[in-house]
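This is the structure I have questions about; it appears just below.
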Amino acid sequence: MTQQTPNPAHIEYVTRIGDNALILGQRMSEWCGHAPVLEEDMALANMSLDLIGQARMLLTHAGKLEGKGRDEDQLAFLRIEMHYRNLTLCELPNADFGRTMVRNFLFASFQVLLWERLLASSDTELAAIAAKSLKEARYHAQHAGDWVVRLGDGTAESHERTQAALDYLWPYTAEFFAANPTDEAIAAAAIGPAWSELEAAWEAAVVPVLNEATLTVPARTPFKSYGKFGRHSEHLGHLLSEMQYLQRTYPGAQW
Amino acid sequence: MTQQTPNPAHIEYVTRIGDNALILGQRMSEWCGHAPVLEEDMALANMSLDLIGQARMLLTHAGKLEGKGRDEDQLAFLRIEMHYRNLTLCELPNADFGRTMVRNFLFASFQVLLWERLLASSDTELAAIAAKSLKEARYHAQHAGDWVVRLGDGTAESHERTQAALDYLWPYTAEFFAANPTDEAIAAAAIGPAWSELEAAWEAAVVPVLNEATLTVPARTPFKSYGKFGRHSEHLGHLLSEMQYLQRTYPGAQW
Amino acid sequence: PEYQAEFDARIDAGGYIEAKDWMPEAYRKTLIRQISQHAHSEIVGMLPEGNWITRAPTLKRKAILLAKVQDEGGHGLYLYAAAETLGVSRDELLEALHSGRAKYSSIFNYPTLTWADIGVIGWLVDGAAIMNQIPLCKCSYGPYARAMVRICKEESFHQRQGYDLLLAMMKGTEEQREMVQDAVNRWWWPSIMMFGPHDKDSVHSGQSARWGIKRISNDDLRQKFVDATVEQAKVLGVTMPDPELKWNAERGHHDFGAIDWDEFWNVVNGHGQGNVDRLAARVKAWEDGAWVREAALEHERKRAAREHQAA
Amino acid sequence: PEYQAEFDARIDAGGYIEAKDWMPEAYRKTLIRQISQHAHSEIVGMLPEGNWITRAPTLKRKAILLAKVQDEGGHGLYLYAAAETLGVSRDELLEALHSGRAKYSSIFNYPTLTWADIGVIGWLVDGAAIMNQIPLCKCSYGPYARAMVRICKEESFHQRQGYDLLLAMMKGTEEQREMVQDAVNRWWWPSIMMFGPHDKDSVHSGQSARWGIKRISNDDLRQKFVDATVEQAKVLGVTMPDPELKWNAERGHHDFGAIDWDEFWNVVNGHGQGNVDRLAARVKAWEDGAWVREAALEHERKRAAREHQAA
């Protein structure tokens, strides 16, 4: 531990990264048994597993930073909706395979950049998690990017679906980089980057692949989403009612 | 109250009727805002409301019979899955409008017969509920029956969808009439009919409408479902995780 | 010309124009636009509330919410019927909604995030709607005015139910009170914006006032709403998210802070994923239901043919 | 004829037949049927467990379940690959599954109703599967035998995890223990039936034994499973729903009650809505994914054409 007294910005920053992994991992796990080919059933389960693994490490760490004795499961299952700090993008429904792959690509490309910067975190625990997770995120970005190219530059139908997926999801990526006071404190303490710093690198990573996929990158609109600030879409509540079901129904039980 | 000491068969019988209304009312409410025409949005909301109203009276009554101080909400929201006694048919997903209407028709036709018999129940409270509910059930059966005829004897597509819906749902109707010890005790106490007694009248009510709809009545198969015995399909758990969400998340709160 | 004079005289006398009466084409178009927009708002408005029906916390609250949403469907029906008296069909109006040409009240693009939102929609959103709608009960077009009389009666019932829901939550746990305050924080400004642009920026108001469609200005209605609501908020025990909101004894009204019109226009112009999701839900319902509507028509055709055969 | 002799000799000597070797057509067909049925069972088997992934009670349990389901997908892949060595394509096999011509283990038609079912599937269903599969590790067809070696290793890991899940629940609350007992009540008889009909009623067993595909009889395997499982049940603290289940010192085995073969054949023959739902889920996944598979092929064609152009 780098500090004795809980630092709210630090807790929130780690929780936010953990919640991204948790909520997207949960979403991706819904694919189980329903993917277009068996190999993708396995790939999606595998990536979901990676994300749940990251969530476990990060929420455990957040719980320790908080110092109130909450473990990964109390944080994962027993918070109310507005205390989750994941990006809105992560909680949106899977829709079709195209939207799932476009989302994975947009998000994993962001995660790669974040983990790269967190390798040098002054929070050594976070740096260790980054080292483990970076490889996973690179694989996720590669896997999804390959699919985005295949689908974008595939049939007329697949192109249309993939463009529609990109048009739908793109406005939510503005939230990745939205400035907030937490990030300033975190950057000042050398715990990690302000996410706004990652925007240029992210676009540089993402746009060439979208071009290769023959997709049109949408223009930015004034739309703003606020998931990472705790104000979510209508979708998160439904996801949580399912995810939290057993913990809420049998309070205190051990599993 | 007709008796002082709780009679488990009586409680179960009333709970079962209440759970049918509760669970089908919950399912039907999912249509809100998504029906094929505005008039049906209203009709489905209205019938859902009727069923929720029936559930409130019946579960309140069941709670009084039980004598443990549980009210309608504790019974509706705070039981575990295997304590719900609804027919499996009621918990199946809505699927398309055709399956929804076929289900409503099969179920409401059954409810009409049951309420008719319960008018003469030795349980005067139950008889009073029957008097109020019979009119509603008749309307539901009429409404759904009209749609079954329209859809069955409509276009080629609507015929095919409606026949598929009937083929899917029909096996679950065997459960309506499955014999069980509770019903024998109930019939003996003149509280209500054993449901097995209603089979012939139900077929007589249902088959002519299906014929008019140019649908083929499926043959009986050996398939058995056991919802009214507390053993449900995979669907009920998902329905409950959503329905119970707030009560489970904020235990003891008043709303 | 002579019709026009008669029409103007009727309006000036506070009389009603009926469907069969002559009316200027612009009047007809304005009414179609306004009534259909209002009808669309009723049916799109079923979605944010519908989002909580399956999760209502008690059976009583579930029943109240179901009844309310059913009423909204009914309002949609009256209003489409009123619009149809002006020579347009419901299917045409829906087509305009689904294609994005017609608008609906952008308030329904905001998400319902907690159960408290259901109460706040009743209290603030329906409250603002009623303020807007009461003058319409005396609007110059008879069928619209009569629809509005019925609607206003039901809406004030909904408003009371919403307020009652919030009162119950405010008497509850700390978490429930936080939920209510959070919902008020999110819905206050959008409710204020429901009255539309300031009078000086309002495009349609002048002509509408002349025609007896719009009888009170946006800013006057907004002020009336703020004044009424602030008192109710006190009773409830919530704070409006506006530090500049305070009583101005000189004006005899509450002052309030500047409205973020960028936000307003972004939402109105559909720069929001809320708009995308709501429209997608309506379009999906319509497309999924196509086979049902076709079957009903085909069945009716068959039945009529059989009757004809038999005759 | 001479090939046949060589084939028989190889089998008698306990050797392996490989893909390129000559084999009787009936042997090939039997293997395709059996291997593909096994492969289908793995992928249909993802559904009942997948039903609880989103509701797993802890992150650790969610991760274990995800890994398990991923393994099952892997087993499906090995097995389809083993079947493909016999001259049939995965698409043909899937077509047979989706059209209802091919079967899969009917155990997966039963619903998973509580979290305890996930543990009981691991303990009893995987346990019975392993009993069935261990002899197949020495089956006469090399590619199948090698696939089974890998699969058996992972399956016993899954069985231990399932048992561990149940142990944790049995150490928990009264409600948790009831859930486990209820799950055991529902899964015990179906597990017993996984070994198939009694030897005297088994259609395929004689020839399969001769060919070295089936090395131990249904009833022997079933007995072995019952004997092993009864001990584990004691440690766990659950009771099997069979009043006739008891140790027979004379036989050195446990006796058990009569199996309800009507139930067995009803489920095997798809007289069950479980079968309808599982197949519908697989068919929907396949149909929903058609555009993705087409896009991948088309993209590959385009890419190859561009490379050709460039060369």
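By letter and in written order, the chains are A, B, C and D; residue numbering begins at 1 in each of them.
The criterion applied here is as follows: contacts are C-beta pairs under 8 Å (C-beta built on N, C-alpha and C of every residue); 3 or more make two chains touch, one makes a residue touch a chain.
Keep in mind it's a predicted model, so treat the numbers as computed, not measured.
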Joint neighbours of subunit C and subunit B, given as chain labels: A
Relative to subunit A, largest Cα-centroid distance belongs to chain B
Separation of subunit B from subunit D, taking each centre as the mean of its C-alpha atoms, in whole Å: 37
Return the distance between the CA-based centres of subunit A and subunit B, expressed in whole Å. 42
Between subunit C and subunit D, what is the separation of their C-alpha centroids in Å? 57
Return the residues of subunit B touching two or more other chains; collapse runs of consecutive numbers into ranges. 80, 237, 241-242, 245
Any chance you could list the residues of subunit D touching two or more other chains? 55, 175
Between the chains shown, work out who touches whom and classify the graph as line, ring, star, complete or other. other
So the touching chain pairs work out to A-B, A-C, A-D, B-C, B-D
Subunit C touches which residues of subunit B in the complex? 22, 26, 29-30, 32-39, 41-42, 45-46, 48-49, 52-53, 55-56, 59, 72-73, 76-77, 96-98, 149-151, 153-155, 157-158, 161, 242-243, 245-247, 250, 253-255
In their shared complex, subunit B is touched by residues of subunit D numbered 48, 51, 55, 111-114, 175, 182, 186, 262, 266, 271-273, 276-277
Under the touch definition given earlier, write down the residues of subunit A that touch subunit B in their complex. 80, 237-238, 241-242, 244-245, 248-249, 251
Where on subunit B does subunit D make contact in their complex? 80-82, 168, 171-172, 221-223, 225, 231-234, 237, 241
In their shared complex, at which residues does subunit C touch subunit B? 43, 46-47, 50, 53-63, 66-67, 69-70, 73-74, 76-77, 80, 115, 165, 168-169, 171-173, 175-176, 281-282, 284-286, 288-296, 298-300, 302
